[in-house]
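Working notes for the structure below.
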Amino acid sequence: MSDVLTSSPALEARGLVRRFGRTVAVSDLSLSIAPGELYGLVGPDGAGKTTALRLLVGLLTPDGGEARVAGAVSHAAGGALRASLGYMPQQYSLYGDLSIDENLRFFGDLFGLSSTNFRERVAHLLGITQLTRFRDRRADALSGGMYKKLALACALLHRPRALVLDEPTNGVDPVSRRELWELLYTLVDEGLAVLLATPYMDEAARCHRVGLLQGGRLIAEDAPAALVRAFEDLAYFVTAADRDAAEAALHDLPGVRALSPHGPGLRVIVAAADAEAFRRRFASADMRWHLEPTAPDFEDVFLMRSIDAE
Amino acid sequence: MSAPVLARFSGAVRRTRAIALKEFRHMARDPQVVLLALAMPLVLILVFGYGVSFDVERVPLVVVDRDRTAESRALARAFTAAGTFDLVAVSDDEAAVEPLFRGGHAKVALVIPPDFQRAQGRGDTATAQLLVDGTDNATATIALGYAETIGLTLTQRDLPRGFDVPLRAEVRTLFNPALRSAVFIVPGLIVLVLVIVSVMLTALTVAREYERGSMEQLFATPVGRVELILGKLMPYFVLGLMQVLLVLVVGVYLFEVPLRGSVALIFVSASVFLLAELAFGLVISIVTRSQMVAAQVAAISTFLPALILSDFLFPIDNMPPPLRVVSSLLPPRYLVHALRAIMLRGNGVESVLPDLAAMGAFFIVMMVIATRKFRRTVA
Amino acid sequence: MPSEPETVVDVRGLTRRFGAFVAVNDVSFSVTRGEIFGYLGANGAGKSTTIRMLCGLLAPTDGRATVAGADIAREPGRVKRSIGYMSQKFSLYADLTVAENLDFYASAYALSGRLRAARMDEALELAGLADRRDALTRELPGGLRQRLALASALLHRPPVLFLDEPTAGVDPLARRAFWRVIRELARGGTTLFVTTHHLDEAELCHRVGMMVDGRLVALDTPAGLKATHVPGTMLSVGTGAGGEAGTRAVMAALAGMPGVHGWQPFGLRVHVRVDPELAGPGRLAARLAERGVATADVEATEAGLEDVFLALVRR
């Protein structure tokens, strides 16, 4: 506790529990995110990601445990919490009939920014989101990517210390998605703590740390590279123009744990213990396809951990 | 100590203003809503003023004169001369009445008994019978009123002890001698217009934020519950006062409704009523969280009481006791009472104070419920 | 009969304007029976507008198109009977049960009697919801809801199916399950027209069209698109334990390096498009080491459709 100032987490959950009726949506969830850290929460639909985020930002009251943002208890929802928190819900959260400027002005007033501070912030945020020339456009006339960037700008107006994003790139095209991510890195470099939920595994792999949520529980948590290193199975790539035939033929080979079409062929996950048998069978079974080992990626980790946990 | 308090207060004012400004912008972006809010009162006052007139004219009348004397003819003439009744048949047999009623050819029958003249000559009470088709309730009630008025005149002139005159008819006649419906409808119409448009819109406003998901974002800002509620009330409050102005202007200039009391007092009363009903609309919105449900609850719980339980169309005195209790718990009747007192009788503050107090109490209760029920959480 | 592939969707010079804005600009293509046709583009590039026209929901300003032999402008009714359409927005009723939703759509398509019962059972099977027919739709996870929406769009066995971002917000496991169904349908002869932002899904399409600002700027098989639009060799650089910081160090080192055409982060790795002389074993790793990035491992990789997409959109 001596080095409180340097090490105090920007976002923290301790033993969070939340039930809806008889279903336990979040169960004993603990996490801690430092300033300047980008943390990704991944998990299948219904794993409790949104509930976890809502508990952290104080939109839900926990049945057990406690969440804090910059030291302020989330569910008490006090002024300190709001001043240090930026939040972007999954759903459309801005006013479609108001312009970019009007939306920003509205949130600026709610956060009580002085007019010089506001002008400075808006100029900066519109600059980094490249929205300056669309200031007068109504929010519902923006493309999906631009809308998300505006929502992000609104959540950042008051210089929060922690930013919580619920599936920020849902429905956003790949180019805008990359732009949003570049933006996130800029913010993290400035010392912002970012917690986001995402269904995209390539995005999860680009976080500093990821937490894998399944059935409301955190079943794994580490740096993506470390999780990939700890991956015990082997990954192979089978080049096959006739993907369907290859899939059928490979399906029953020993050790095959997962098969999925991937680019111009199939990605195969094989249990390490059976790898030898698998390769032998592949060579002997008159398979006309080309097999080569490949590096496992984060999506492999996610898939196998999810399957194992089920 | 006072500086932080002041800072907090100015922050709250600013946030409230931001919410109100945003709501005004929503209105401006959707001019149909404002147009509807202003067109609705016009349509209603024209419909009620011209179309659904409660002035009863040319009520078909059948006279059954079994006396056939000068006196009986004088009575029949008195009824037909006023222009209210249209003589469709004369008979000397009461049996003729029922078929005429059934066929819809007549709604009122004046039955003069055979000994009418003789009784009058003897100085006894001369009684004539007035039969009214009870199936058309509104016409029947008002026709009776007219008949009583005519009977009253006759009593004063020719028939010393003719008809009894109930007190209610007397009161109405006093302040609305022509019995023109526009005069007593305008105060009721103000109430109706305010609940239809303003309360309905307020009921939708919070539910809309929940439905579109923006409430979640709002909760993550420092905006407080009271700030949000007051900010959301303000635009609809202004809109409501504009409606009052509109109805008053049209009522006074087009339908010559008297404006005997203070205009300021009318607006004060309307303001208190508006606050009470808007707060009610907010409670509906906060509890239902769905525009569809909110609209229906608002229609049932504000429109119907304003129409039925306000003394606007149906006299409260004639209601069964449970309905009278319900009526006394809701604001509409108080505003109807206050407006009639101010506009038609020219009464001052002292006579509407109880009404203002009742509506104010309703406002406070609704605000307490609204802030209590309005949690800053999503579930 | 020779095995000339049967054209199911035929689009010639299709154009749609909204005021001065040209949402779809002179687009032509055709889709054959049993084909999975991917339609990609940035938000607002005109994908949904095209689909709405092909479904007979929106009249074209210019050009013509036939879907299953019916002209979209003159016979929109016939078009609607021969297609299934699954929109971006969730098309089911959240407050109805699984069975009630299917029942509704079965009635909408005027199915009756034994056929209706059989189709509904098949739909439940297809959605993987046979044991949850009485579950409220809103309580299903997103992936299952999407499969139910797909199953209800298939109740009347349309020869053509339009899917507009069917897997937005769906987790990777559920997406795989969903695409398994789509490939199965194509094998059975259904023609599928799909838009998606997941470019790994686009790899599973037989052919892919790329829309940029209302124009169809490329149309080919995934392999053909890569060969045309991202030539050169694609290398994948990993940073070992470096994580995101390592990835960014690699990208910083690549800036201005001769022979490097472009790079994109892909998860934990960086995809680098290089001239042949840099492609030899160890060459890129050596160059990176010169610039202070020592831990990099470099392997050859296939260009992805995301590379194509980025190349076309940023052109």
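First chain written, first letter: the chains are A, B and C, and each begins at residue 1.
Basically, contacts are C-beta pairs under 8 Å (C-beta built on N, C-alpha and C of every residue); 3 or more make two chains touch, one makes a residue touch a chain.
From a predicted model like this one, the values you see are computed outputs, not experimental measurements.
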Chain-level touch network, classified as line, ring, star, complete or other: line
By count of C-beta pairs in contact, the leading pair of chains: A-C
Rounded Å distance between chain B and chain C, as computed from the means of their C-alpha atoms: 60
Rounded Å distance, chain A centre to chain B centre (Cα mean): 58
For chain A paired with chain C, centre-to-centre distance based on mean C-alpha positions, whole Å: 22
Interfacial residue positions of chain A with respect to chain C in the complex: 38, 43-46, 143-146, 167, 170-178, 185, 199, 201-202, 205-208, 223-226, 228-229, 244, 260-264, 295, 297-299, 302-303, 306-307
Chain B - residues contacting chain A, complex: 11, 14-15, 17-19, 21-22, 25-26, 29-30, 212-214, 216-223, 376-379
Residues of chain A defined as touching chain B within the complex: 20, 54, 57-61, 75, 77, 79, 82-83, 85-98, 102, 105-107, 109-112, 138, 151, 154-155
Of chain C, residues touching chain A in the complex: 41-45, 88, 141-143, 165, 168-174, 176, 179, 183, 187, 197, 199-200, 203-204, 222-223, 238-244, 246-248, 264-269, 299, 302, 304, 306, 309-310, 313-314
